[in-house]
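Next come two complexes built around subunit A: one with subunit B, the other with subunit C.
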Partner chain A sequence: MSAAGGVPRYDCIVIGAGHNGLACAALLARAGRGVLVLEAAERIGGAAATREFFPGYRVSAGAHLLHSLSADLRRDLRLDSHGLAAAATHMPTTSLLQGLAPLRIDAQGAGAEAGAYADYEARMRRFAGALAPALERTPPRLGAGRLSDRIELLRLGLRLRRLGRRDLRELLRIGGMNAFDWLNENFGSEPLKGALAFDAVLGTNFGPRSPGTVLTLLYRLAGQRIAGDAGLWQPVGGMGAVCAALAGAASAAGAVVRTATPVERVWIEGDRAVGVVLADGARIGAGTVISSADPKTTLLRLVGARHLDTDFVRRTTHFRARGLAAKLHLALDGVPRFAGLDADGLGGRLLIAPSMRYIEHAYDHAKYGEFSREPVLEITVPSVNDGTLAPPGKHVLSAILQYAPYAAGGGWDLQRPRLLKSAIDSMARFAPGLESQIVAAELLTPPDLERELRITGGHWHHGDLAFDQFFFVRPVPGATQYRSPVAGLFLCGAGSHPGGGVMGIAGRNAAREVLQGRG
Partner chain B sequence: MDDSVSAPHFLKPLLRTPFHRRARPLCQVEEFIAWAGYSTVDVFTTMEQEYFAIRNAATLYDLTPMVKYRIAGPDALDYLNRLITRDVTKLKVGRVAYCIWCDDAGLLIDDGTLFRLSEREFRLCTAMRQIDWLAAAAIGFDVVVEEVTEQVAALALQGPTSASVLRAAGLDAAMRLKPFEIGHFEAGAAPVMISRTGYTGDLGYELWMNPADAEAVWDLLMTAGRTWGLRPIGSRALNVARLEAGFLSPNVDFLSALHTIRVGTGRNPFELGLDWLLDFGKGHFNGRRALEQVRRAGPSVRLVGLDIDGNKPAHDALIYAGASARRRLGAVTSAVWSPTCKRNIALAIVDASHAALGSTVWVEIYLNRELVWERRMARARVVDRVFFAPERRRATPPADF
Partner chain C sequence: MSARTAPRREHDAIIVGAGHNGLVAACYLARAGLDVLVLERNPFVGGAAVSRRLYGEFTYSNCSYVCSLLRPEIIRALELPKFGLQIIPYEGGCTMMRDGGHLALYDNHDALRREIGRHSKRDAEAYERYSRDVMRQCKFIKPMLMREPPDPTSFKPRDIAELLFLARRFHGLGERRMADTLRFWTMSAADFLDEYFESEIVKAHFAGSSIIGTALGPRSPGTAYVLLHHYMGDIDDTVGAWGFARGGMGAISNALAASFGASGGRIRADAPVARILVKGGRTRGVVLEDGEELAARLVLSNLDVRRTFLRTMDPQDLPPDFLRQVRNFKIRGSSGKLNIALDGLPRFPAIPPESPCTRGDMHVTDTIEMMERAYDDWKDGRWSRAPYIDMLIPSQIDPTMAPNGKHYMSVFVQYCPYELAEGPWNDTRRRAFGDTVIETIARHSPGFKDLILHAEIRTPWDIENEVGLTEGNIFQGELTMDQLLFNRPIPGYAQYRTPVAGVYLCGSSAHPGGGVMGAPGANAARAVLRDLGRKAAA
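Right, the complex of A and B next:
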């Protein structure tokens, strides 16, 4: 840091101390840049944080499982030496079924259709393997005429070509399909299809029948590839441990992290970002500003329309970023008794997604601002694997409730208790006596997540993953390749390629672009 | 007015202006055209008679179909400064500015006149409707943008005796108006806003009024103008005058970037010779980043004035480097025989290599002589596109005629 004319100055200011912001900051600091990270909240972490929601009970407040945290990033920043450790890896997925034994899906197979599942798995792994490297790289920009972009495009083409004629033809055929049709081609078992379709729609604004849900499924599988195929895993201390380790790496490299310091706007002079203005009016100068906030927050609020062009603002305004998932936290005074589950299963991921029809039905409600009495749920009981999260003998339950509309009819104050009851009733059907075990409950709707995480729309991917908001064009044309129209201002959040999920890749790619210096 | 709203709209797709009942009986040759959704007169008597009135007497032209937007609110100035390429902070209350605006790629959307009515209220007059663009540009600004075309009737009073007509109509106070200045007056009992603006390149005014007062103001001016040679004119005569003045006509000399489909048919201000309207020092404006690049690279084509040999107007002519017509340089966008300049003039888009003043190019003119087509190659010189600019257009107070 230096100070000229009373204004402190850093080489780089990173806005937001979520995992992408911290990953970006750590890499910039390690490259010798003077880095300041500014976080609006009292604590770091963003959507990857651990929070005490009831005295003695802690839970991953946003994302609650890891499946695509970049293995390279983890090794590169030596996150394990900064305290990142696994409480459980290769966690199994179990689909809870009314009147039937639960269906367990893991590396060993998936119930009755073991043969078909093995074929499906192998093919999807090949597709995901071909696409995965593209997640870790800056997407090429079309039409800009730069050699590096052409080489990048060629690289992607060659990788796909290497799939061979049959696989490539199949990938092109299914790439734009919906998960419903694709899974029906592969399987007969409704419970299996329901469980697999769940991963295609988790965190999206889609139902299994929506076009583009094979893409979201492949995206998730490709993410697992870059995570080194550790499967689903849970860090000791909850998701906050990821950001704590990233912050540790950043601090060790010399970066300064300040919390409770909201940025009011990006300081722009002569069409260049030259720092930030804080909420209290103080200014901090910087050669480069990198924002991990969502694109609408960064571009429309921190930069502002008057520094941007009209069509670009219109595109940014139309960036689809309304969350459709709620988060449920329960403090329990004992271990929940899910019928038919062994200890290993309870320590894994539980789904209430018994069929694709069930999921689509729940989605239909959400389209019209309602929610289904039979919600789709992804349930974890993280305290089974990690005793640090709850008092001895007590437990916490963390669930993602898919299809909670951003704008609920009648307002969320009216609807929140109803949705909570539906969720608890649904779970209690499989875990008798669950209601009586509840010490405290918290339900965070998309507007709650928007407020708490400061993400416009409360979308945990910062914006839908769909063909028109993906890869080359994410978040919107004019703000791709981690750049913004304002020189010196970069984007490094989940709104940029490759998108959401706790990967850390957007942060890492943005750091690389900053260091390459084409501003 | 009444019959314009009585029928179902699809039976009468064109609106009538508040002056229609006055203009209709004076139109002797039944030459009407559709203009921005209104039916207006193209020719009242003959084009030549009307043209010479513009240059030698005074003319009245129904300007109502000109699209008008009211832009008001706390952020109106900031909004316009981002929309428009000029520095709007320099536009004082009571003044008018000619201005242009561009899309994100720096291609021209439209040109128009911006009236600053008060600190926070402006009127933007444009050739075409574009509320979608103006509304999109309003995202992030505390501003109201609304079309007021139907709420404001407008007349252009143009020609060397136009000031005398105003005085004869009891509007002598308007004589003090400098070019691009606005004043508020009483025409008889009707309040009118008068701006010293126009599309003829001559001395002239534009009068803005409540549609209910339209006929009274028309009558007042026509009566007062009787001894000053005042006559109503249509669009055809005006087009000759605007071309002599070197003014661009949208959809003729350039196509709005909102309407082009093919790549390369949009035009940036450097190509159209409108770069004097760009203010790179004022802060961000729409298209600025793209235009910075054009500024560095330079335009590849330019809009120029042409002085063409002979007296045959070079309508739609292709332009070549030599009489052999081998290397194409561009095409004529507007052409006319200028009766006042006694020159065969045109506006044209040509390759930048031949855009310097004094360059020689060749124009391919097709002539229809009693249904027999002939092709004629005519030599042309690149000249300043303002072909006619009499001193009287600027003199304040205007000279007596």
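Right, the complex of A and C next:
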């Protein structure tokens, strides 16, 4: 840090101490830059945080499982030496089924259709493997005359061609398809298709029948490749441990992390970002400002329309970023008893997504600002694997409730208790007596997540993952490659390529772009 | 399959099915000097572009009902006006809401703009931007309609050259326009229209063409493309214009048949093809259902890809992987149709009297949500309880369609499933479906029911049975991303050729897809001629 004329000055200011902001800060600091991270909340972590929601009970308040955290990032920043450890790895997925034994899906297979599943799995792995490098790199810029962009595009084309003709044709076909048709082509079992379709729609604004859901499924699988195929895993101490380790790495490299310091706006002089203005009016200068806030917050609020051209503002306004998932936390005074589930299963991921039709119906409700009485759920009981999260003998349950609309008819104050009841009733059908075990419950709807996580729309991918908001057009033309129309201002959040999930790639790529200095 | 008689004469080409694409292909081949025979299962030609007399002196365009997409190049090359084709542009149109509100449509841009302004000033401004953007995309896509899509996995010079052509065109758009093109191809109509308009009726009006014939709702990604697909027509060089064929849609088929006849081609109706014959990986001709064998060097199938390969060919003649892909081809029917003979002109109180708004297509819909809910019904195996309706009264403009003072009304209905959850289609269910539609219209037109003299009710099941379109899908295959361009109908077989030498696809299952466009037929003919080392006659 240096101070000139009373204004403190850093090489780089990172706005937001979520996992991407911290990853970016750590890498910049390691490269010798003076880095300041400013976080509005009292604590770091953003959507990857552990929070006590009831005395003695702690839970991953946003994302609750890891499956795509970059293995390279974890190694390069030595996150394990900064305290990141696994409480469980390769967690199995079990689909809960009414009147039937639960269906377990793991590396060993998937129930009756083990053969078909093995073929499917192998093919999807090949596709994901071909796409994974594209997720890890800065995407080429559309229409740019730059040689590096053309080379990048060519590399991508060649890598896809290496799949071989048969696979490439299949990938080009299914890339635009819906999960419903694709899974029907592969399997007969409704429970299996339901469980696999769940991964295609989790965190999206789609149902299984929406075209584009094979892409979101491949995206998830490619993310798993980036993570070195560790499968689903759960860090000791909850998701907050990821950000704690990242913050540790950043601090060790000399970065300064300040919490409870909301940025009011990006300080722009001429056409260039020269620092930030804090909520209390204080200014901090910087050579480069990197924002991990969502694109709308960064561009429309922290920069402001008056610094941007109309067409760009229109595109940013239209960036679709309304979350469709809610988060449910339960404090339980005992271990929940899911019928037919062994201890290993209970320590894994449980789904209530018994068929594609069930999921589609839940989605249908959400289209009209309603929610289904039969919700789609991803349930974990993290305290089974990690005793630090609840008092001895007690447990926490963390669930993602897919298809909770941002704008609920009648308002969320009216609907929240109803949705909570639906979710609990739905789980209690599989875990008799669950209601009586509940000590405390918390339901975070998309507007709650918006408020708590400061993400416009409460979408934890910062914006829909869909063709027109993906890859070289994410988030919008004019703000791709982690740059913004304002010189000196970069983006490093999930609103940029490759998007959401606790991956850390957006932060890492942004740091690389800043260091290459091709502003 | 045993042959009744030994083949006597070998035709250069046999075309299976006298739909409009089969006839277009036939015309081009005959004009290039080939000896071409067209075989049609029904006693009449036209496939789904027909004019039928099913009640009194009324003429029904009982399947397809409007003319717009038919490529002007084809109309000119095949001299269709000379052979009797006359297209009369719409004079207006309207969209009617349940609450009595309406959006009137005028072909005059400024008048339409003013009308949109009546619903929302902002939307009137946005309409300028919308029409400019849509036209820009149409101009971008149009040159691709009459070309063979390249195989992106191929290293053949032709494919690479074609890929480069597309890449250059795309690249030439610049970053923002490229992003817009990507948006058009992949977004949902609802999201897309939300970016322009605020008024529900304006959005619902434009969303109509995004769902017609489509097994998707307006909120499904990919429907913005379907919207565009319906904009790609032009009449007398007016892009996006729609019109009536004088004498009904059969007039198009009749003009094609006449043009074909004038080039020396021959059509045999009532000649259902049972099998396409294959020997040693090459076609030898076809055998009819009555056992008659007809020899030909080339066979062009105007049937959809499922029907061609699963019903008229021996699976043993086809690679197993190809067969699997054919079975996976998505061809769900989603549309119904009513053809109604009316005792007089129905009244629509919402529409100003004497306005041109009944002299074009009239839509019944309120909101995108209503259309989406109509789609939800279809997904669950029901016809829409509140369907989207696109209706026309062509007899107002074309007096040949109905007796004096009486009228013919074509009613297109979205959505109607091929298979009902409650059981197979039967007369009771068909009538109930018809009643749903008639009740919907009657809400906007007092006394409508009393005017009905006769109504033909067609479900996707009926359309399959009469016209031979699998599952009653009007596009011979869904227009989704996985089934467009180089993926249509099957990746690796998007260039009209098939795994069997001498067998070609010339129907809407092939690029660029359905609608009475004629492009697949013309493109297939061009592929055949190139394989024969000949050039198409101008």
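Here, the second predicted complex is superposed on the first by the 519 of 519 C-alpha atoms of A that agree within 3 Å, B and C clash if a C-alpha of one lies under 4 Å from a C-alpha of the other, contacts with A are read in each partner's own complex, and residues count from 1 in each chain.
By our rule, a contact is a pair of C-beta atoms (placed from the backbone, for glycine too) under 8 Å apart; a residue touches a chain by one contact, two chains touch by 3 or more.
Owing to the predicted nature of the structure, the values given are computational and were not obtained by experimental measurement.
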Item to complete: Look at A:310 in the shared chain and tell me whether it touches subunit B only, subunit C only, both, or neither; answer first, second, both or neither.
Response: first
Discussion item. Residues of subunit A touched by subunit B versus by subunit C: which partner has the larger set?
Written reply: C
Worksheet item: Which holds for A:466: it touches subunit B only (first), subunit C only (second), both, or neither?
Response: second
Practice prompt. Would you sort A:368 into first (subunit B), second (subunit C), both or neither based on which partner it touches?
Written response: second
Worksheet item: For subunit A, which residues belong to both interfaces, subunit B and subunit C?
Response: 311, 314, 478
Item to complete: Please give the residue numbers of subunit B that touch subunit A in the complex, ascending.
Response: 78, 82-83, 103-104, 133, 136-137, 139-141, 283-284, 286-289
Worksheet item: So in the complex, which bits of subunit C are touching subunit A?
Response: 152-153, 171, 173-176, 178-179, 182-183, 185-187, 191, 194-195, 216, 219-222, 321, 328, 330, 369, 372-373, 376, 379, 480-482, 486-487, 491-492
Worksheet item: Taking the complex as given, what residues does subunit A use to touch subunit C?
Response: 141-144, 161, 165-166, 168-170, 172-178, 181, 185, 206, 209-212, 311, 314, 318, 320, 360, 364, 367-368, 466-468, 473, 476-478
Fill in: In the complex with subunit B, residue positions of subunit A that touch it
271, 300, 304-314, 317, 478, 485
